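Each of the next two complexes has chain A plus one more chain, namely chain B in the first and chain C in the second.
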Partner chain A sequence: MVKVKIWDLPIRIFHWLLPLLLGFSWYSAETRAMDWHRYSGYAVLGLLIFRLCWGLWGSHSARFASFIKGPASVLAYVRGPKPLAPAIVGHNPLGGWSVAALLLVLTVQVGSGLFAVDVDGLESGPLSRLVSFDAGRSLADIHEVSFNILLALVAVHLVAILWYEFARKERLVMAMLHGHKQLDSDSHSSLPPTPSSLPVRLLAALGLSAVMVYLISSGFRF
Partner chain B sequence: MVEKNRQVKKGAVLLACTAMVVAGLAWAVDEQQVIESRQSNYRELGGAYKGIRDELQKRKPLMIMVRQHVDQLGMLAHSQANADWFPAGSGPEAGIETEALPVIWEQRDEFDRLREELNQEAIMLADVLASGDMDALADQHRALGMVCKQCHDVYRLEDD
Partner chain C sequence: MSFKSFIAFIASLLFALTCAAADDAAPPMQDRVGGVGLNVSDIERSLDYYTRVLGMKAVVKVPNKDGGLLEVAMNLSGNLNDAFLVIASGVDLGHGAADDKSDGDNTGFGRVIFNVVDAQAFADRISAAGFEVSKLDVGGDNGPTVFMAKDPDGYILELFEFPKPGSMPDYLPE
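Entry: the complex of A and B
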C-alpha cells in the first residue's frame, strides 16, 4: 500500500468553507440579516473565482482538464472498472461532471445575487444599479430557484459520498480532510510531479480572487 | 296567445342569461385591468425608488435623474393614496395572479393609513430634495422604503 496525496490544502479549504458559507448565506437570508448575507455572498464569490483559477492553473487533481472527461469515459466508468485498470486519483469521470454542475449552479447563484433587488428596493446586490428594477426582481427569483437546484445537487453529492463510503468502502470524506488516499503501490496512474511554481500560482489565484471580490462588491465604483 | 307568451318568456330568460354572461365577462376584464395596472404601477414606483438609490450610490449623483425619479415616485405615491387601486373584489378571489392578501380588505383602515403614509413620505422626499441636503435625502429615501416594507410584510404574499 502506498499513500498518495490527492487533494492539496487550498482545495480542501475551499471545499469545507463552501458548505459553511452556503449554510450561513441561507440562514442570513432567512433571518433577513441582509448585510451578513452580502458579506457571505462576497466570500462565496471569492471562493468561486479562486476555484475557477485553480481549475485552470492549480495542482493536477484540481484542474478541469484532469477531471472533465468525455461521454465515453463516463460510460466506461459507470459500467464498472476494467481488470488491471489503474485506480483513479482525483475526481472520477462521473464525479467530475458533478463538480462541474455544482460550480455552474454556484456561478448562477452568486451571479444572480449580485444583481438581485428585493421587493421593497431596500436591499440589493452590489451590481443591481446596472439593471432595471424588473430585471433585478427577476434575478431575485432566479437566485431563489437556483438555490433549490443547488440543494438538490448537494443532496446528490451527499448520497454519492454515502454510497462510496459504505458500498465501495472508499473513504472520501477522510480523504477530503487529510488529502491522502491509500492505494496498492503499482495500481494507480502515475501523477505528474507537483510543479515548483505552485506557490506563485496560488498567490496569483488568491490575488485575482481578492481583486475581483473588491471590484465587484464595490459595484465597480472607484 | 299562450305560445306567444312562452316565446316572450323564453326570450326574456335568454336575454337575462346573456346579460349575466356579458356582465360577468365585463367584471372579469375589469378586475384583470385593475390588478394588472396596479401591479405595473407599483413596479414603476419600485423602479423610481431604485433609480434614486442608484444615483445616491454614485460619488456624484446626477441631480436631473434624482429629480425625475423623485417626481415620478411622488406622482405614483399620491395616486396610490388617493385613487382606489384596491377595490373590493380585486384580491385573490378574482382568480387572477396577485400577491395582494385578503387581509387588505379585512384591515382596510390600517392599510389605507399606510397608503397615505407612503404619500406623506414621498412629499417629504421632494421637500428634502429641494433643500439640497443629500445626506438627509438618503435618510428620507430609506424612511420611505421602510413604509414599503411595513406594508409588504403584512399585506403582500411573501414570495420567498
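Entry: the complex of A and C
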C-alpha cells in the first residue's frame, strides 16, 4: 500500500467553503438579511467560477475531462466487480456526474439570484436592472425552486458518502480533508504527475474569479 | 501546493469579498411623490389594460394571501425610480377608506403616495399642524413603515418609508 495525493489543496478549500457558504446563504435568506445574502452569493459565485476554471486547468482529479465519463463507463462502474474499482483516483464515473449535477444546479442557483427581485422591486440581485420586473420575479421563483433541488442533491451526496464510509469502508471524508488515499503500489504508477505550472494556473483561476465577481457584483457599472 | 499559493488563494477570496462589499446597487433614496393609487374592482383586468393597451411596465407586484395580486405599481419606463401608478384591490388604506363608497365595489381614487426616508418625521409634522394621520399596520413587525394621512379635502396620502437597505419587508397584514 502506498499513500497518494488525490485532492489538491484548492479543491479541498473549495469543497469545504461551499457547505459553509450555502448554510450561511440559507440562514441569511431566512432571516431576511439580504445584504449578507448577497455577499454570501458573491462568494459562492467566486467559488463557482474558480471551480469551472480549475476543472480545465487544475490537477488531474479536478479536471472535468478526468471524471465526466460516458454512460458505458458509468454502467460498467455500477455493474462492475465487487469491490468496485478500488484503485480509482478522484471521482468515480457515477460520482463524477453527481459533481456535474451539483455544479449545474449551483450555477442555476447563483445565476437566478443575480437577476432576482423582491415584490417591492427594492431588494434585488446586482444584474436585476438588466431584466424586467416580471422576469426578475420569475427568476426569484426559480431561485427558490432550484435551492430545493440543490438541497435534494446535497442529501443524495451525504447518503452516498455515508454508504461509502460505512458499507464500503472508503474513507472519503478524511480524503477530502487531508487529500490522500491508500492505494496498491502498482496502481500508483498510472497516476499522472502534478504539473509544475500549477501555482501559475491557480493564480490565473483566482484572478479571473476575482475580476468576474467584481464586475458582476457591481452590475457592470463603473 | 505551497504555503505561498495557499496565502494567494485566501487573499484572492478576501479581495473578491471586498469588491462585493464595495458595491452599492441600491436605488437613490430621496423624499419624493412616488405616484398615485387607484382602487380597482378587478386588478387583473386593470393590469391588462394598463400594460397591454397603454404599454406600462410593472415595477412592484405585491401578492395577497390567496396568491393573487394585492397591488401593482407600474410606469412607462419600468424604472422603479420614476413616478408610478398603483392599482390596488382590497388594500386597507386606513380611515375606513375602502368603505367610503356607497356602491360597494370599492373603486375610486385611492391615494397619493409619498416615498420618504423618514415617515415618522412627516407624520409628526402633519399631526402637529392638527391634521389626521395614523400608522398603518402592514406585515406586522417585519412590515414597512407606512402612515396614512388626510388632506383638508379628505384625499388620502400614503407616507411610505423606504425599507432599510438589506431588509425584506412583509407586505401582508399578519
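By our rule, the second predicted complex is superposed on the first by the 213 of 222 C-alpha atoms of A that agree within 3 Å, B and C clash if a C-alpha of one lies under 4 Å from a C-alpha of the other, contacts with A are read in each partner's own complex, and residues count from 1 in each chain.
Here, a residue touches a chain if its C-beta (ideal position, glycine included) is under 8 Å from a C-beta of that chain, and two chains touch if they have at least 3 such contacts.
All values reported here derive from a predicted model rather than from experimental measurement.
Peer 1: Mind checking chain B and chain C on superposed chain A, clash or fit?
Peer 2: clash
Peer 1: Looking at the overlay, what does A:E144 touch: chain B (first), chain C (second), both, or neither?
Peer 2: A:E144: touches chain B, not chain C.
Peer 1: When the two structures are overlaid on chain A, which partner does A:G23 contact: first (chain B), second (chain C), both, or neither?
Peer 2: Neither partner.
Peer 1: Return the chain, chain B or chain C, that is in touch with more residues of chain A.
Peer 2: In the superposed model, C touches more residues of chain A.
Peer 1: Counting only touches as set out at the top, which of chain B and chain C does A:S218 meet: first, second, both, neither?
Peer 2: The answer is second: A:S218 touches chain C but not chain B.
Peer 1: Which partner does A:P195 reach: the first (chain B), the second (chain C), both, or neither?
Peer 2: Touch status of A:P195: no partner.
Peer 1: I'd like to know which partner A:G207 touches here: chain B for first, chain C for second, both or neither.
Peer 2: Touch partner of A:G207: chain C, not chain B.
Peer 1: So, A:G121: does it touch chain B (first), chain C (second), both, or neither?
Peer 2: In the superposition, A:G121 touches chain B and chain C alike.
Peer 1: Under the stated touch criterion, which partner chain does A:D134 make contact with: chain B (first), chain C (second), both, or neither?
Peer 2: So A:D134 meets both chain B and chain C here.
Peer 1: So, does A:L9 touch the first partner chain B, the second partner chain C, both, or neither?
Peer 2: Second partner only.
Peer 1: Please state which segment of chain B collides with chain C in the superposed model; the candidates are 1-9, 19-27 or 109-117.
Peer 2: The one stretch of chain B in steric conflict with chain C is 109-117.
Peer 1: Considering only the contact definition stated at the top, list the common interface residues of chain A for chain B and chain C.
Peer 2: 119-122, 124, 129, 132-134, 137, 219, 221
Peer 1: Within their complex, state which residues of chain C touch chain A.
Peer 2: Answer in residue numbers: 1-2, 4-6, 8-9, 12-13, 15-17, 19-23, 25-27, 57-63, 73, 78, 80, 142, 144, 162-163, 165-169, 171.
Peer 1: Of all residues in chain A, which touch chain B in the complex?
Peer 2: 117, 119-122, 124, 128-129, 132-134, 136-137, 140-141, 144, 219, 221
Peer 1: For the complex, give me every residue of chain B touching chain A.
Peer 2: That would be residues 43, 46-47, 49-51, 53-54, 57-59, 142, 145-146, 148-149, 152, 156, 159-160 of chain B.
Peer 1: Going by the contact rule at the top, pick out the chain A residues touching chain C in the complex.
Peer 2: So the residues of chain A in touch with chain C come to 8-10, 13, 17, 32-36, 38-39, 42-43, 46, 118-124, 126, 129, 132-134, 137, 198-199, 202-203, 206-207, 209-210, 213-214, 217-219, 221.
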